[in-house]
Amino acid sequence: MNKEKLLVVENLVVAYGSIEAVKGISFVVHKGELVTILGANGAGKTTTMRTISGLIKPKSGSIRYKNIELTSLPAHKIVGLGISQAPEGRRVFGTLTVEENLMLGAYTKPKVNTEILDWIYQLFPRLKERRTQLAGTLSGGEQQMLAIGRALMSDPEMLLLDEPSLGLAPVLVKMIFETIKQIKENGVTVLLVEQNAKAALKLADRGYVLEVGKIVMEGTSQELMSSPKIQEAYLGKKKSN
Amino acid sequence: MNTKNILSYGVFFAILIILPFFLNSDWVSVMTTFLIYSVVSLSQDIVLGRAGMFDMGHAIFFGLGAYSTAILNMVYGWPILATVPIAIILPIIASILLAAPIIHLRGDYLLVTTIGFNIVFTQALKNNVFGITGGPNGIFGVEPLKILGFTFSSQLSIYYLAFFILLLTLVVIHNLETSKPGRALHYLNLDSLASECIGINTRFYRLYAFGLSAALAGLAGVVFTLQFSAVSPDAFNFIQSVLFFTIVLVGGPSSIPGVLLGTFFMFVVPEMFRQFAEARYLVFGVAMILIMIWRPKGIWPVKFGRIPNYLTKE
Amino acid sequence: MEIFFQQLVNGLTIGSIYALVALGYTMVYGVLKLINFAHGDLVALSAYIGLVIIMQLMGALSPTVLIIITFIATMIITAIGGVILERAAYRPLRKAPRLSAVVSALGASLIIENGIMLIWGPMPKIFPASVIPNANYSLHGVYISLMQVLVLIISLILMVALYLFVNRTKLGTAMRACAIDQDAARLMGINVDKVIVTTFVIGSALGAVGGLFIGMYYRGIYFNMGWIYGLNAFVAAIIGGIGNIPGAMLGGMLLGIFNAFIAGYVSSSWSLALTYVLLIVIMIFRPTGILGERVAEKV
Amino acid sequence: SGYIKIGVQAPITGKFASEGQSIDKAVRLVAKQVNEKGGILGRKIKVITCDDEGKAVKAAICARKLVDAGVIAVIGSYTSTCAEAAEPIYYRAGVLQTSDGTSDTLVKHGYWTFFRNSSPNSAEAQFTAEFFLKKQHYKRIAVISDYSTFSTNLAQAVIRDLKKMGGNVVYYGKIVSGSQNFTPILTKIKTYHPDVIYFSGYYTDGGLIRAQMVQLGMKADFVGGDSNDNPEFIKLAGKAAVGAYLIDVPLPNMLPYPAAKKFLKAFRETYHENPASIWTLFNVDGLRVILYAIQQTKSLNTRKIAHYLHYELKDFPGITGPISFAPNGERVGSAYMAYRIGPDLKYHIVYKEK
Amino acid sequence: MALLELDNVTKIFGGLVAVDSLSISIEKGMIYGIIGPNGAGKTTVFNCITGVYKPEKGKIIFKGKDITGLSPHRIANMGITRTFQTIRLFNEMSVAENIMSGRHFKSRQKWWHGIMHTPFYYKDEKENWLKVKEYMDLFGLTHLAKMTAGSQPYGIQRKIEMARALATEPELLILDEPAAGLNDKERLELVDTIKKIRDMGVTILLIEHNMDLVMNITEYISVLNFGKKIAEGKPEEIQNNPVVIEAYLGKEEEDE
C-alpha cells in the first residue's frame, strides 16, 4: 500500500531540564490510519503527544504534518492545521459550562458547525443533559467525554487521544472505543495512546511500543498482539500461556 | 545537620561576631537592624514559606511586640526585661484571634485581609487608641535594657543582643523544621485536603504557624524598640509587611540561608547605595524583577529530602 | 436627606474611578492569577502622561478636542506601557511559582513610581484649571459638577462595554479559558500570548481613563498616588470577587459609597480603618467576594 | 586643635528633599563664612550631614551616627517627628540640638540639649485664635488636620486656645494626607453650618479642600495653617483660591532685619537660588546662636553653652528677629501674620501681631 | 457488628442528588468493592465517609461511633484513610517525607517539640522514620527515598500514595480507582499488594472500573447508579446480574 504520509516524526528528542523523556524516536502516521502507541508508565507517550501539539518544544528532531514542520509553530497554529488533542487528564475548563467548553473546541473555526455539535451530543447524551453544568463538577467519566467531544469540535483531520479510557466504566470504555472506531470511519486519522493495550490493538491498524523514551517495537496490530513480549508486558498474560 | 552545614553556619556566625570591629557605627546600626529584620523575616517565613499562607500583615506582630515594650516602659514604668514576656504573648494572642476567622481563605484573599488588618492596626496606632500609643508620632525615649546591672545602651551591645535573638530564632526554626509540627506545615501547604485526609488538623497547625511566628516577631520588636529607643506607626505599616513578604520570596521560601540572603539583599544592599538617593529604588525594582526571572524560587531555594541516613542504607 | 444624596454623589464619583482601576486588577488576575501590584502606578503614570499632553497642546486646540485627544493618546500610551510591563516583568515568569510574579510586580511598581519621581520630581503636579469643564449644578441642595457627571457616565459605558466583550465574544470566552488552563486553551487553538496582551491592553487603557479622571477632577497628582488608588481599587476588586468583571464595578462603587458614608456619618479619622474592617467582614462571610463564585473543588 | 564638628540632620531625600537640601546648603554657607574669618576659638568648623529622609526610624539612626562622629551640636531636623525621634539620643550623649520643628511636644521632655529656633505651634495657635475671634468674629468654627504630628498638634493647640478665649468649635476631624477626595468630610461639615474651616495640614491637601468646598457650594471661609503657604496652593485651588486666608510667619524676602538681607544675598550668590523657605533661615539662626554662645563662653562644654543660651542670651540679633530662649529651650516671641488671597491671586496682609 | 455502616446517606449538590439514601455495611477484614457508571456517586460516597463532604441526610457509623460530619482529620485519626482518584501527593517533597506524613497522628510529638527538642523527641522521631522505612520496603520504594515524589512515574506515585495511607495504620483503607492508568502487568502487581495489605488485617473499600481486578479480589460488591444502590452481592452474582450488565458492564462481546 502506498498511503500518503500525514505525520512524520523523525529522531525526536524531548527533555525536561536535563532529563530526556523522549530519546530520539521516529514514526509515521498515514492518512486515514489509526495508530496506537503503547508503553509503560513514564515511557514518554504523553510527552510525545504534547510535543506534536506544540505544548513542549523538542530538543532536536522534526515533526512534519503534511510536510509542514510543526516544531517551529506555536501550539495554537497547529490546531489550525487540523490536529486536535484530547489531553491526558482531561483538562476541561472547570468553571465554564459544558457547552462553553464545546464551543471553545471550535475556536479556530469562524462558525460553530451545528452538525458536529449534534453528532457529539448523540455520541454522549450525558453531555447534552449537563449542558449548563460547570465542567469542573462533572464526574471523571463525564469529563472524559467532554474532552473528546471538545477535541472533535474543531472538525480535525487528525485526532490525538491520550488515554481516553482512563477512569471510565466498562460500558463507557466500550463505547469510547466504539466511538473512536466511528471517528476513524468518518475519515479522521487517529493517534491513540492507551494503557488498555488489548482494546487499543484491536482497534488500531498499526502500533508502536515505547519504553523509557525509545521505540522498541513496531508493527501491525496482529504482529504486536501475537508477540510474546507484548503479551507478557502489556496484556498481563503469563509466559507459560 | 551534616558537617558541611555546621561548618558554613559556623563561618557565618563567626563573621557576624567579629563584623562590628570592622564597621563604623553607621554600619553597625544598619547591621543591627539587619539582624532584627532577619528574625522578623524568618518568622514571616514560617507562615508564608512553610505553611504557605499569604500573610501580608506581618508587621502587626512585630509592631505589637515593639509597642508593648514601649508602652509598658514609658506609660506604666515597667523595666524593659519585665515587658519581654508580654511582648511575646500579646502578639501570639493577637495572631490567633486575627487568624482564626480568616484562616480558611484562599491565598490572595488571605493576602488582602491581612493587608486590611495591617492598615487598621497602623490607623489605630495613629489615632492614639486608649491614649497610650503616642499617636502619629509614636513613643520616644524608651529606656535601655538592664540585665544584672549591665545596661544595653551602646550600639555595640544592642548589636550583640540582636545577634543573640537571631541565634535563638535559628535554633527554634531548626527545631521546627525537623519535627512533626514543622513537617505538618509543609504538608498542609502543598496539599491541604490530602493532609486532612491523613489526619493532620490543618486548622490547628495554621494557627500554630501564626502563633509561633508572631511570638518571634514580637521578640524582634522588643529589640527594635531598644535599638531606636523609639517606636512609631510607620515602622510597622503595611509597606513594611510588603518588605518582609518580599524578603522571603526573593531569598527562597522555607530556606533559612535563603531568607537571610533575602534580608541582606532587600535591606542592606539598598543601604549601601544610599548616595544614589531615590534612583536606587528604581534600580532596585529592576533587580527584583531580574532576580525572580533568574531564580524564580528565590536566590537560595529550599531542598527537600533531608532524611535520616539510616533510611537509605540497607 | 440632601446630605445623604450629596454623600451618594461623592461616593459614586470616587467609586467609579476605583471601579475603572479595579477592572485592570480583576482582568489580569482573572487570566494570570497575578495581583498586578504595578497597576496602580501605571494609573498614576497615565495621569502624568495626560498632563504632559495637555500642557503641550493647550491653546492650540479647542477644549473638547483637546480632551478627546488627551484621552485617546493617554490610553494608547498607557496600554503600551502595560504591554511592556507584561513582556518584561511577567511573561518570563509565566511558569514560575505564582508568588514570584508578585515580587516581580512589586519590583515593577517601584520602577514606575520612582521613575515618575525622577522625571517629574517629588512635588505634586497640577492639572491646569482652564481645560476642565467647571460647570456646577445644584439640585435641591445637592451639588454635582459636570466633571462628576462625565466621570460617572463614561465609567458606566466603559464597564458595560467591557462586560459585553468578555461574556459575549469569542475572544472573551477565550480569555476565561486561559484563566483556567493555559495549556488546554492552546490545544483549542487559542493564542494565549495574544489573549494576555489583550488583557493588559484593556486593563491599562481603562486604568488610564481612571488616571485622567483623577487628574482632571482632583487636579493635583503625586508620584506615589498609585499606591493609594491601587490599593483601594484592589480592595474593590476583592470585595466584588476578583476575576469577576461586574464584581469589580460593584466593589468599586460600594467602596466609594461606603467611604463617603463612613466619613460622613461615623468618623473621618477611622474611615480608612473601617473600610478595611468592611473588607475583612466580607471576606469572613463571603470568602470569595460578593459576586465571586464558590466553586467546590471536586476531589 | 582639630575641628569643631557640627551635624546637620535633615531630609536630603524624600518628600521634603528641597527643604532638607536648602538647610544643608545654608549651614555649609555659614560655616564657610565663619571659617574664612578664621573660625571660632581658633578652630575651623566641619559640617557633617546625615539624611533622615523625613522618617522617624532613619532619624534615630542619624542621631547615633552624628553622636559617634563627635559633633557638639546638630542642626535639625526639618520635621518635628524626626527631631523628636532623635531628641533622646542627643540628650543622652549631651549633644546640643536645634530644630525648626514646631510641634509643642519637642520641648516637653525637659531635655536641656534641645533648642527650638522657630516659633512653636503654640504661638501660631495663639495668633490664629486671636485672628478668628478678635478680627474675624467667627461664631462657628470647624477644624481639620491630617495625621502628621505637626498638623494634629497644631489643630489641637488652635482648638485649645479658641476654647480658652470662648470660641465655638463645632467640628474637628482628620483626613488622610494625599487621599484627594475630601468631599465626604466636607459634606458632613456642611451640616454644622460653620463660618470657617481651619485646616492645619499641608498645601497639597489644603488646595484641594478649598476647591472642593467651593464645588460643594460651601460659603464658609477657609483658613490654612502655615504649611498651606506655598504658591502651589493657589494652583491647586484654582479660582477657588480667591478669598482663602493663610497664617504664617513672613516670607524670607519680607524679613525686615538687615542681617537677613545680607544672608539672603550671600545665599543667592553662592547657590544661584533662594532658600527653599523661611525654615532654612530659622535653622541658620539656630546655628548662629550656638556659635555665638561658644564664642561667649569660650568653651566647647555643651552644658556650659546650654546654660548660657537658657539664661544669659537676650535678644540676639537673628535674621528672623531677636532671639532669646525660655528655660525649656523654647524660642521666645513670634512673628505670625494673616494673609488673604485676593482676586489678583496675590497675598495681602490682613492681620499682624502687634 | 459491621466495621463501617452507612445508613441512608444522601448528598445533594444544588439540585443534583449525587448519593441517594445509600445504605451499605462493611465487615471487618473484607475487601469491599463499589462499582457503577461514571457519575454514579461513588467518589462522593468516599468523600462523605472521609468527611470531605457533609451528607445532607443519613448516618455514617464507624466501629459503633457516629462519624457523620466530623472533619476529615478526625475521621482519619479514628482509623479511616484514603487515596484519591487523581493522585494527590506532596509533589515537591521526597518519597520518604511523603510517607512520613502518614505517621503524623501516630507520632506522639507535641506542639512544643516544634520549638524545643527533648530526649523523647529523638526517640519518637527515630521510631517513626523506621516505620517509614518498613513501608518503603513493603512497596519497594526504598531506593527512591530521597527522590522527589512529583517526578516519579504514575505507577510509582500510586504506590507512594498507598504507602502513605498505610503508614497511618488505618483499620479501613479506602482506594479510589487504584488501577486507573496502570497497564495489565502493573495491575497484577497491584492485586498482590492489596491482598498483602488485607492480610495485615486492614479492611479495604475500593472503587474500580477494571473488572478483572474487581472480580479477582473483592469479596462483596455494591453497584451504584444515579446515587442509588441497584445491586449488591458476591462478584459472581454481580457479573451476571442483568441490571448491572445493562447499566454498567455492557454486553460481553465474544472474546477470542
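The letters A, B, C, D and E name the chains in turn, as written, and every chain counts its residues from 1.
We adopt the following convention: a contact is a pair of C-beta atoms (placed from the backbone, for glycine too) under 8 Å apart; a residue touches a chain by one contact, two chains touch by 3 or more.
Bear in mind that the values here come from a model prediction, so they are computed numbers and not experimental data.
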Give the touching-connected groups of chains that are left after subunit A is excluded, with no other chain moved. one piece
Moving only from a chain to one it touches, give the least number of moves from subunit A to subunit E. 1
Among the chains, which is located farthest from subunit A on the basis of C-alpha centroids? D
Which of the two pairs, B-D or B-E, is linked by more C-beta contacts? B-E
From the C-alpha centres, identify the chain that is farthest from subunit E. D
Quick check: how many Å separate the C-alpha centres of subunit C and subunit D? 38
State, to the nearest whole Å, the distance from the C-alpha centre of subunit D to the C-alpha centre of subunit E. 74
Please work out the Cα centroid separation of subunit A and subunit C, and write it as a whole number of Å. 43
The positions of subunit C in contact with two or more other chains are 122, 269, 272, 296, 299
Set of subunit E residues in contact with two or more other chains: 13, 43, 52, 84-85
Note: subunit B residues in touch with at least two other chains are 193, 278
Tell me, which parts of subunit A touch subunit C in their complex? 53-55, 74-77, 79-80, 84-85, 87, 91-96, 100, 103-105, 107-108, 134, 136-137, 150-151, 154
Please name which positions on subunit A make contact with subunit E in the complex. 40-42, 89, 126, 137-142, 144, 163, 166-175, 195, 197-198, 232-236
Which residues, counting only subunit D, touch subunit B once they are in their complex? 12-14, 51, 55-57, 60-61, 64-65, 68, 80-81, 84-85, 87-89, 92, 103, 105, 109, 147-149, 152
Subunit B partner contacts - residues on subunit C that touch it in the complex: 29, 33, 35, 88-89, 92-93, 95-104, 106-111, 113-115, 117-118, 122, 231, 234-235, 238, 242, 269-270, 272-273, 276-277, 279-280, 283-284, 287-289, 297, 299
Subunit B residues touching subunit D in their complex are 24-26, 29-30, 33, 126, 135-138, 140-141, 153, 155, 227-230, 232, 234-235, 274, 277-278
